[in-house]
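Input: structures, listed below.
Shared between the two complexes below is chain A, which has chain B as its partner in the first and chain C in the second.
Let's look at the complex of A and B:
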């Protein structure tokens, strides 16, 4: 009860502080002091404290199962384990918006204390722009999705959290993803501030690159966690489904990646200023669009907690205001400096980074159109369609070939003007890649030519970066690690998709299912009771072509609050392959529907994504940029 | 007439324009090929010509209509006006049950039989795809 009130009033205080902060900082903007008024910093800190208090009190309500709070009532239950009571705080619409606010205020505070050597006006303007976003979200939370609504009479039991969200990976997925997703807000605010101050320069590039990296790293890991969760919890046996909700997180990632690259050009050569600003603005706009699509109930997914048109309209209006504001500022204030643009040569690092950007924009437009087109068509003609994986595969996979190729060559080019060095060793590497690929691929697929080219371009990147890591004197290790991670990612995904095999069948207890020398034997089932679910555990013995047997124990859980049946896949992971078995009840308990998959190199997909983010992390902590 | 630099810029602009057009064309083309339309059982009944393309059918799983053997699941999708028989061999999602909403993806054999290649998983017991809601005409 008390926690509820504390949470609510600290939210209101936080909003009032926003207004106060705007006032104080506008006053400070015109003062002649060199440094920011200490009050501004203190107020910003106080605002962060209020949001943290509000967030903690919501967590407390969840821990205490305080069902006088509507959010707790809708999303929690007394029998739920403590860990999921806590993670339930952000496993719903209201709580996750509070998390948004928390990240927004946290980032602006960190920005203020980390940017002391930047010009004062720029810092204050960044704060102001960020406060506009923060006020918008305060209003959004308080008006349409208050996490502290009262319920009276107080219910004795809550409705429970959707069981598929009760999972360790998904418990930490939202906070991590949000750090990346909402973290882009600071890039948005500071780029607008930099434009108004005509400060889009080398110095700014160097300073904002850190923030781009932070967002990028968290977003990368956040997406990976969601993907791992989908892999073992949804039981579809894949890790990426081109589901609109996945796409919505991928789009800011693509833009951030593009930004990450072209900000290096800004940092080193003070070129591409408009492009950097446009990308910075787009990143956050896309994050907001994603929030709008997911939270308005237009897209249906596990992330759509409740359909409330008021929320959709609010975000849409807010989004519109932000876009108009940012475009207005961009066109009014931005001046392209022409100092350096003249000595931009074809064969140079700059061009290769531009090529990267072009590819990123292409991938982005494919994903964007695939996601938005069905919604658009529904609105104008009420025809219901869906765009499936073939669309994305067809448009993205072939373009990976030149993309990987440029990625192998680009980093070896020098700034301004360059020649390709060590042509011979590159050619040798390329030939080795092709031969190796041909050797591996020849018996695996019927589309030999295409796969040979595709896989060998991935191998080419793999070997060139590998060589750089071990043999050559390393001049930019973070970039090499990240690119190496990317080549490993593409290779693992390709081999995973080429070599995966799948068996789906309906089977009774005690039955054997045989196919090409392999055998699936359904031994028996056991039942088990937990506090919040009953489960049926099945014991399977699977013998593969080599005569090796593994035992897999997939599970069906029948949760009591709410009553939902979920399947828990059993996965045996080795370095070479994952064996994946999931089962479902169909009708009665006679037949079980099972899906058995052998998925090679699954673990390497996760490892390579980690390598990719490690590259980002190394770049973040690099002391000095080597020549 | 123009300087070398200006010419180069024109070439560059031309290249950009051409590649943008190419990209838009590519995307639209493969959209046309890879889009899956959604139809209700009643819409299927009123089809004049059978479509060879992959479609989605949605509605409710009729009570007492699920039959299962070792390699197939058969059931009936109804929108309470018309019905379609579905023949399916593949993985069945958790929340597939009689009397619940369902979306099946696959090909029409004729107006009464549908060969499904995929049954879509739902996350929530109360959730009904908007297409299904519309198809059965309720709210």
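Let's look at the complex of A and C:
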């Protein structure tokens, strides 16, 4: 009860502080002081404190199961384990927006502390732009999705947290994803500030690169956690489904990746400034756009919490205000950098990064069109379609071939003008890749030519980066690690999709099912009671083609609040392959429907994404710029 | 000149996007697919909601009448929003509403009906969700219109709204 009030009023105080901060910083903008007014820093800190207090009081209400709070009532239940009570705080629309605010205020505070060497006006303008976003979100939370709505009479029991959200990976997925997703707001604000100050320079590039890296690392890990969750919990036996919500997190990632590469050019050569600014603006705009698509209910997806048109309209208007504001600033203030630095020959590092950009733009447009086209079609012709994986695969996979190829060559080029060195070793690597691929692929697929080219381009990148890691002296290790991770990712995804096998059958207790040389034996079932669910655990013994047996124990959970039946897959992970078994109830109850999948190299997908983010992390912490 | 042109183009494009998204927001999420061919209702046996007696589908749909089959559950939030509309439909004499309680806890379902009223002339239970699949349902809520020949002539995926109620009234006239 008390926590409710405290939370609500700290939100209002936070909003008032935003307004105050704008006033103080505008005054400070015109003052002759060289350093930023100390009050601005203190106020920004105070604002952060208020948002933290508000967030903590929501957590407290969840822990105490205070059902006088509408959000708690809608999303929690007394029988939930403590861990899920806490994670329930951000597992809903209102709470997650509060988390959004927390990240916004946290990042601007950190920015102010970390940017002391930057020009004063630039810092203040960044703060101002960020405060515009913060005010927008404060208003959004307070007006349309207040997490502290009071309920009377106080219900004795809550409605419960959606069971599919009761999962450890999902408990930490939103905070980490948000750090990346909302972290892009700082890039947005500071690039706008830099444009107005005509400060898009080498120095700025060096300073903003850190923020791009931080967002990129968190976004990468956040997407991976979501993907792991989908693999384990949704029980569809895949890790990426091109669901709108996944797309919405992938789009900023693609842009952020392009931005990261552009910034390297900016920091070294002060070129590609327009690219950097436009990409910085787009990244955050796409994050906002994603929030709009997912939260307004305009698309149906796992993450759509509520269909409240008022919310949708608010974000939509706010989103377009931000777009118009940023484009206006870009057109008014931006001047293309001096001609000299944009002079580079076609065979140079710059060109290769530009090529990378165009590929990213292409991937982005495919994902964007696939995601929003159904909405446009529905509005214009009231026809309903859904865009599925085949669309994305057809349009993305073939373009991976030249992309991977350029990725192997690009980093070997020098700035401005270059020749390809060590041509012979490259050609040898390429031939080895093709031959290796041919031997691996020839018995596996019908589409021999296509897969040979695709897989060998992935191998080519794999070998060139691997060679760089071990043979050459360590000159740009972070980039090599990240690129190596990417080649490993593509290779594991490709082999995973080529080599996966699946058996679906109905089976009853004591029965044996044989397929080719593998054997599935359904031993027995046991029941188990937990505070928030009852479950049926089945024991299966599976003998694979090599005669090895494993025991798999898939589960069916019947959650009590709300009553939902979920299937928990059991997965045995080894370095080479995952064995995945999931079961469902069938009418009559004697039979169970099982789906058994062998998915090779699953763990390497996660490992390679971790390598990718490790590359980012190394780049963030390296001491001085490498030659 | 070039700059002005691109600015103009961007503004036009953005306004277009805004209008589409704005309209898209107001579109309902209900989806009424066209039904190809004549699909008769499946033959099945299901437990009665109140007495737990097994009922035959012929008995449930025995009258020479239009039927509306509504799939619902107490845990489904959109079902709550469409419930008042079902109550309104149930006052219509020329149609009978059958409720199909989908994967629900019986006590919660009873509480739901007590709280919000019972629009159904009969409720049957679909414990494991298989009956709904036989009807060709994708989820909850879903509403099927069944004509006098026991043929499904229309189905609505998602919660029904005022327009759909009017359409249903036209069909059953």
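Please note the rule applied: the second predicted complex is superposed on the first by the 623 of 627 C-alpha atoms of A that agree within 3 Å, B and C clash if a C-alpha of one lies under 4 Å from a C-alpha of the other, contacts with A are read in each partner's own complex, and residues count from 1 in each chain.
Definition applied: contacts are C-beta pairs under 8 Å (C-beta built on N, C-alpha and C of every residue); 3 or more make two chains touch, one makes a residue touch a chain.
Keep in mind that what you see is a predicted model, and the values were worked out from it rather than measured.
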Answer with first, second, both or neither: which of chain B and chain C does A:379 touch in the superposed model? second
For A:521, is the partner it touches chain B (first), chain C (second), both, or none of the two (neither)? neither
Touching A:593 in the superposition: chain B (first), chain C (second), both, neither? first
Identify the partner contact of A:320: answer first if only chain B is touched, second if only chain C is, both if each is, neither if none is. second
Which superposed partner A:388 touches (first chain B, second chain C, both, neither): first
More residues of chain A in touch with chain C or with chain B? B
Tell me the contact category for A:312 with respect to chain B and chain C: first, second, both or neither. second
After lining up the shared chain so the two structures overlap, which partner does A:565 touch, if you call chain B first and chain C second: first, second, both or neither? both
Jot down the residues of chain A that show up as touching in both complexes, chain B in one and chain C in the other. 300, 384, 562-565, 585-587
Of chain B, residues touching chain A in the complex: 5, 19, 23, 26-27, 30-31, 33-38, 56, 66, 68-73, 89-98, 121, 123-125, 127, 129-131, 134
In the complex, chain A residues that touch chain B: 162, 164, 234-236, 300-302, 342, 358, 362, 365-366, 369-370, 373-374, 383-388, 390-391, 394-395, 504-508, 511, 556, 562-567, 582, 584-587, 590-591, 593, 595
Residue positions on chain A within touch of chain C in the complex are 292, 296-298, 300, 306-307, 309, 312-313, 316, 320, 323-324, 327, 331, 375-376, 378-380, 384, 560, 562-565, 585-587, 589
Contact set on chain C toward chain A in their complex: 3, 7, 10, 14, 18, 20-27, 29, 31, 33, 74-75, 77-78, 103-105, 108, 128, 130
